[in-house]
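Note that chain A is present in both complexes that follow, paired respectively with chain B and with chain C.
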Partner chain A sequence: MENEKVTVNINGCNYEVGAGLNVLEACRSVGVEVPFFCYHPKLKVAGSCRMCLVTIGTPARDRATGELLKKEDGSPEISWMPKPAIACGTKVSQNMHVVTDSEFIKSCRESVLEFLLLNHPLDCPICDKAGECKLQEYANTFGRGESRYIENKNVKPKKVMVAGKIMMDSQRCIECSRCIRFCREFIGRSTFSFTKRGSKTEISVYPNSDNDSNYLLNVVDGCPVGALTEKAFRFKMRTWFLKVTDSICGESSAGINVRVWSRNGKIYRITPRRNDAVNDMWMTDSGRYIHYRFEAKNRMSVARIDSSPCDLGYAAERCLEILKLGKVAIVANAWQSVEEMFLMKRLADACGAKIYMISHVGADDGKLLSADRTPNMRGAFLTGLLDSYPPKDFKGLGAAIDAGEVGTVLCFREDLKDFGLEQKQLKAANIIYCGALENNISASAKICIPLRTEFEKNGSWVNRQFRIQKFNMAVQAPENTFADIDFLSFLLSELEGSHFDAPSAEDVRAEMAKSIVAMKDAVHIPASGLPLDSSQFASVDFPEEDAMHYSRQKK
Partner chain B sequence: MAAKETRIIYRHIGADAWNASIDKYLSDGGYSILSETVRRPREELCAEMEKSKLRGRGGAGFPCGMKWKFLDRKSGKPIYLVCNADESEPGTCKDRLLIYQDPHQIIEGIMCASYAINAAQAFIYIRGEYINGYRILMNAIEEARKKNFVGKNICGSDYSCEITVTRGAGCYVCGEETGLLSSLSGDRAYPRIKPPYFPAVMGLYDCPTAVNNVETLCWVPQIFKMGGEAFSKMGNPLDPGTHIWGVSGLVQKPGRYEIETGACTLGELLYDLCGGPLAGRRFKAVIPGGSSMKILRWDEKFSIKDKDGAQKEVRTEDIPLDADSFMKCGTAIGSCGIIVMDNTVDMVEALANLNQFYAHESCGQCTPCREGTMWMSRITKRICEGWGREEDVALLKSVADNMCGRTICALGEGAAWPTQSNVSKFKEEYYEKIRRQKKVGGQARLDNNSYRLI
Partner chain C sequence: MAIVVERKKLGFFERLYLPQIISGLWITLKNIFRPRVTLEYPDQAPVLPVGYRGAPTLVKDSEGREKCVSCQLCEFVCPSKAITVTPGEIPADSQYAFIEKAPAEFKIDMLRCIYCGLCEEACPERAIVLQNNFSINGASRAELIYNKTKLYAEGGVLPDKIMKWKRVKDNAELEGGSH
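For the complex of A and B:
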């Protein structure tokens, strides 16, 4: 069924389109634009905005015999529907004829836009949606330019706060009902609803509803106009000034595909990116604010030795010296990219170190916030850092220090103190802390190496579905920080004696493809990610529960 | 043709010593058809219905037998029957009398229809304002249940069916069948898109559902008794049976008249039965089928084909009273509510009144109807208040054209037709009013508005 095709004639040309598509998607798949407001690929069809009207015809049949009628020249006779039909709510069928470019359809679109604009406040100059607003775009493309309306506009409530994070403006609302449908269908609980009737219809929120859902902000992305805007982004930046970078959300192993919107090195917002195999078009609200973790005040901005700032290169040299002394333990973490993990494994082999990792587990919401709150635990398995799911704390490392087996801990990102290492154990070993943020142990570590955040580098993570996905550098890293790969390859080239000169993530993946079977195709990763073979990890007890596009492997 | 009534559905309405009790109904042979019906095979009953060519009396005039045939019987889901008693079309109040005076006829009709389509449950969706009607129906159903005409093992057969009465949410779209179903299932009365929500396939609770008007259902026992064939010969074969014409407005004797289709003309109805216009006045226009249908000028002439295929010219008053003839004249009988206007009526005010109704009743779901009804209403109101512009006439027409045929439900069309027809048939009156008001200016505007209703 999925790959079945039907022939549809669109504006006089025949196209092969997927059977089972609606006319709107079918047109889109062959590059014919049909404008729409209320349609949303992931929600039920409402069919209420009437923007997508098209003329539809089907092959005519003889009433008596049921046979297809033919014109004189042998082409099939088409019976055209007397009224225009909504493209979003009509499924394609064999030999269907669709007209989207007639004068009549043009007038349909023009009139719908005119109707929508009658009561629209036209406050684009102060609306956050401006620049990415469907109404604005279509009014420009399909509208009639000037209004014939001289009556007063309706007045409806503006500036209504919803759940403390959304600003609702009913006057801008075009009553597309996407927000209502999203809450009903995805969250499973009604938050928004219409009140009143006719032109007075208002989008409103149920009074006292417990709208504490972690997915509510998706209605902001879904709202075709500026009726629902995000409080955190309100009046912060005009959208057209922002640079967009494709990335992956590091909040959990769900691996939500996101876009990072930034300007001059500052991230302004994070929004979901469509991936029908992972997150459809949604993301968590908490994931949108994850970049707040890396605010300047939390950053480790300069390399330090024994708490005094020093040159980055010098700190790295000292690091090397200490590692050469032996008795090293390496603390890795699952925020590191697959590429970094691969180098880490080689580093561990080169200095005979044991690798310690811990798990970060939280409640699984069965949707897009999975139990494993790290983005790349599967990557640690694939690169050989792990062979069983890691414990919750560093007690094992503590015991090794107590036993005198470990003299140096090369720690990436993790806060050893919070996760089970005692003060005297921390004292007993040389701690080299590498990370982007200050934490409990960075203050007392012997050497501190400032690294970059996931927004400042390229790399890839493997999510709970064993799908490898690429994240890209969104903002420039501050000066005096090391890219993790650079730092690791510097250590490696000294310890291994191999020549490994500041490779890119891609170079590392090419290297990896040679030595790790499951990764053999993962050099160039497509935008939608690449599922990897996970059969060898079938016995690992991963904590995630069944969720959207993920089902726990049966043991 | 002499104008005379043929009372079949209305046989008990206003009759001497009649009341709504079950004893009265039984004494007139009531429920005997039901007890025979539940012993007949269902296929036969549905076939009778198809043969009868009975058209729905709710407004759309869709053949009832066809509607039943389309019910999705293979899905394995329960089938529901919904009686549409939400009568709220302006100018229409034929169902009300049946509910108030002859509820058992409706119940018998519902049970016969339920049996024929094998419904698991029947509903009556009654207009919210008919509070007494609701009580009368509840009472009647209780009476009927006691006598085993409703509920378990009806009339000793193995068929069981309950009737639930639901009061409407007080709004016109609740009468639109899919809006009614949304409302009945607890949502806002938003009409649904077809496809996929054809009631016969995805109706109430997404189960196959037949929605029928009160009067349509009252016909069901009659047809089962006399047979589809016999019924189809009654009156005009394209629209057999009788229609209950609710005449309102400026005539001597407004009221409800049940007339066999095609048995008399519009003029005969209005002059002979309704006594003609009020003293000293002339008829100016009629809306034939509830406010949503296109208006007819009394002095209009139409060229229609008659039975033998000959082209002939008819005046408005010569139009025979059946669905087909009105269709040929570019309008429709809708719910048979005739609204009569005479020479004292200001057409602009009349339209303003209607437009205000539609602006108030549009459910607000789809763009053209939501904004269009409001816009038209504001324009006509403005003209009435004395601020009209000559370009408003063309604008009104254009707004109505932009709504027509582009909405989810027929309310959008029903709201556009009055404006379209009114503006094009009485254009001069609009211009005249606008010019006159312009001339008299401010004080006249004030005077003009001091007595206005809306």
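For the complex of A and C:
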């Protein structure tokens, strides 16, 4: 069924399109634009906005014999539907004829828009959706430009707070019901509904409904107009100023594809990016605020040796000296990119160090927040940092320090104190702490190296499906911070004597492809990610449960 | 390669210089009796033509309401990137809370502004207007980045014929709405 094709004639040209598509998707697949409001590729069809009207015809048949009728010139006779039909709610069929560009269809669109705009408040200047609003775009492209309406506009509730995170403005709503369908179909609980009738219809929230879902903000992305806007982003910045960077959410091993919206080095919001193999078009609400972690005041801004600030290069040199003394343990973490892990593994081999990692596990919601709250645990397996799922704390490292096997701990990001190391163990070893944020051990660490956050560097993570996905640098890193790759390759080139100066993530992946079989194709990763072979890890006991596009058994 | 420029030889009258001086003085003499066009600026102010584009300012309407809603269209259109708007929300206890949005801060760098008037053209609220002030000076660069207070002080009140937001409010009251 999936690869079956049918021939459809769109505006006089024949195209091969996938059977089972609706007319709207079929037109889109061949580059013919059909405007729509209520249709959503991931929700059921409602057919409520009528913006997608097209004229549809099918080959005529003789009523008696059922034979296809032919015109005099031999071409099939088409029986056109007397009225326009909605493209979103009509499936394509063999030899269907579709017209989207006639004067009639243009007048349909114009009229639909005129109706939608009758009671619309037209407050684009104060509306956060402006710039990415479908109504604005279509009114511009397909509208008639002037209003003939002289009566008073309907007035509906504005500025209604929903669940503490959404601002609802029913006057702007065009009654497309996407929000209603999303809550019903994805969250599985109704939050929004229409009340009143006719032109007074308004979008409302069920009273006393508990809207604590972690997915509610997806209705904001889904709302084609500014009726639902995000409280946290309200009046912060107009969308057209924001630079969009494709990235991956680091909240959990689900590996949600996201867009990071920033301006002048400040991240304003994070929204989901469509990936039909991972997150469809959704993301968690909590993942949208993950950048707040790094806006915190405890950002480490300068390198330190014995608590006194120093030059970054000097600190790195001192680091090297200490590593050369031997008895090193490296603490890695699964927020690091695959590239960094690969270098880390080589670093560990070069200085004979053992690698310690811990797991960060939370509740699995069966959707897009998976139990493993790190984005790249699979990457640690692929690069050889791990061969079994790591424990929850650093007791093993503590024991090694007590036994005198470890004299230096090169720790990346993790808070050793919170996860099982005692004060006297921390004292007994030289701690080199590398991370973007200060934590419990950074103040007393021998050397502190400030690193970059995942928004400030390029790299890739491997999610729970063993799909490698790229994240890109969204904002400039502050001065005096090291990209992990640069820092690691500096240490490596000194210890190994290799020449590996400031490589890009791509360079490292090219190296990796040579030595890791599963990664052999992963040099240039497409925007939708690349599934990797995971058969060798089938026996690892990963904590994630079955969820969207992921099943445990299939490992 | 050097280019040798031929100099024309001066004639006898030219070498006398006097005819030139006399004709120059004649022009001076004529102009003494012409009407004066030079202005004694700054003691005398020029009469500016209608539509003159001086410094951009922010204006209030006749109710004294700040008209700007911080839509940032002027910031977007400004070719010299002179404008920086920090959007903000109108506090709930204000009588204008229903307009929802107003600038928390508004800065125009007068050193960057080229008086093109595009901001005025783009503004959907007619809140930013290039008025008659052409004499923009200060003792430092920082002083010439006008902030919101300064821009409103410069702009003053510009009566609004349409009073769009008042209409919105009246309509809401009429229709039993929720403003």
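Here are some notes:
In the analysis below, the second predicted complex is superposed on the first by the 552 of 555 C-alpha atoms of A that agree within 3 Å, B and C clash if a C-alpha of one lies under 4 Å from a C-alpha of the other, contacts with A are read in each partner's own complex, and residues count from 1 in each chain.
The rule we apply is simple: contacts are C-beta pairs under 8 Å (C-beta built on N, C-alpha and C of every residue); 3 or more make two chains touch, one makes a residue touch a chain.
Because the structure is predicted, anything quoted here is derived from the model rather than measured.
The superposition on chain A brings chain B alongside chain C with room for both. Residue contacts after overlaying the shared chain place A:Gly145 against neither chain B nor chain C. Aligning the two complexes via chain A yields an angle of 90° at the C-alpha centre of chain A, spanning the centres of chain B and chain C, rounded to a multiple of 10.
Which of chain B and chain C touches more residues of chain A is settled by the count: it is B. Of the two partner chains placed by superposition, only chain C is touched by A:Arg238; chain B is not. Touch criterion met: A:Pro125 reaches chain C, while chain B stays clear of it. In the superposed model, A:Cys49 makes contact with chain B only, not with chain C. With both structures placed on the common chain, the touch criterion links A:Gly198 to chain B but leaves chain C unconnected. In the superposed pair of complexes, A:Gly12 makes contact with neither chain B nor chain C. Contact with neither chain B nor chain C is seen for A:Gly497 once the two complexes are overlaid on the shared chain.
When the two complexes are laid on top of each other via chain A, the two nearest Cα atoms from chain B and chain C are 13 angstrom apart.
Counting contacts by the rule stated earlier, residues 154 of chain A appear in both its interface with chain B and its interface with chain C.
Note for the complex: chain B touches chain A at residues 171, 188, 193, 195-196, 359-368, 370-375, 378-379, 382, 395, 402, 405-408. Those residues of chain A that touch chain B in the shared complex are 45-51, 53, 82-84, 86, 89-91, 107-108, 111-112, 114-116, 118-119, 148-149, 151, 154, 174-175, 193-194, 196-201.
By the touch criterion stated above, chain C contacts chain A in their complex at residues 69-73, 75-76, 87-89, 98-101, 124-125, 168, 171-172, 174-179.
Across the complex, chain A meets chain C through its residues 121, 124-126, 130, 152-159, 234-238, 240-241.
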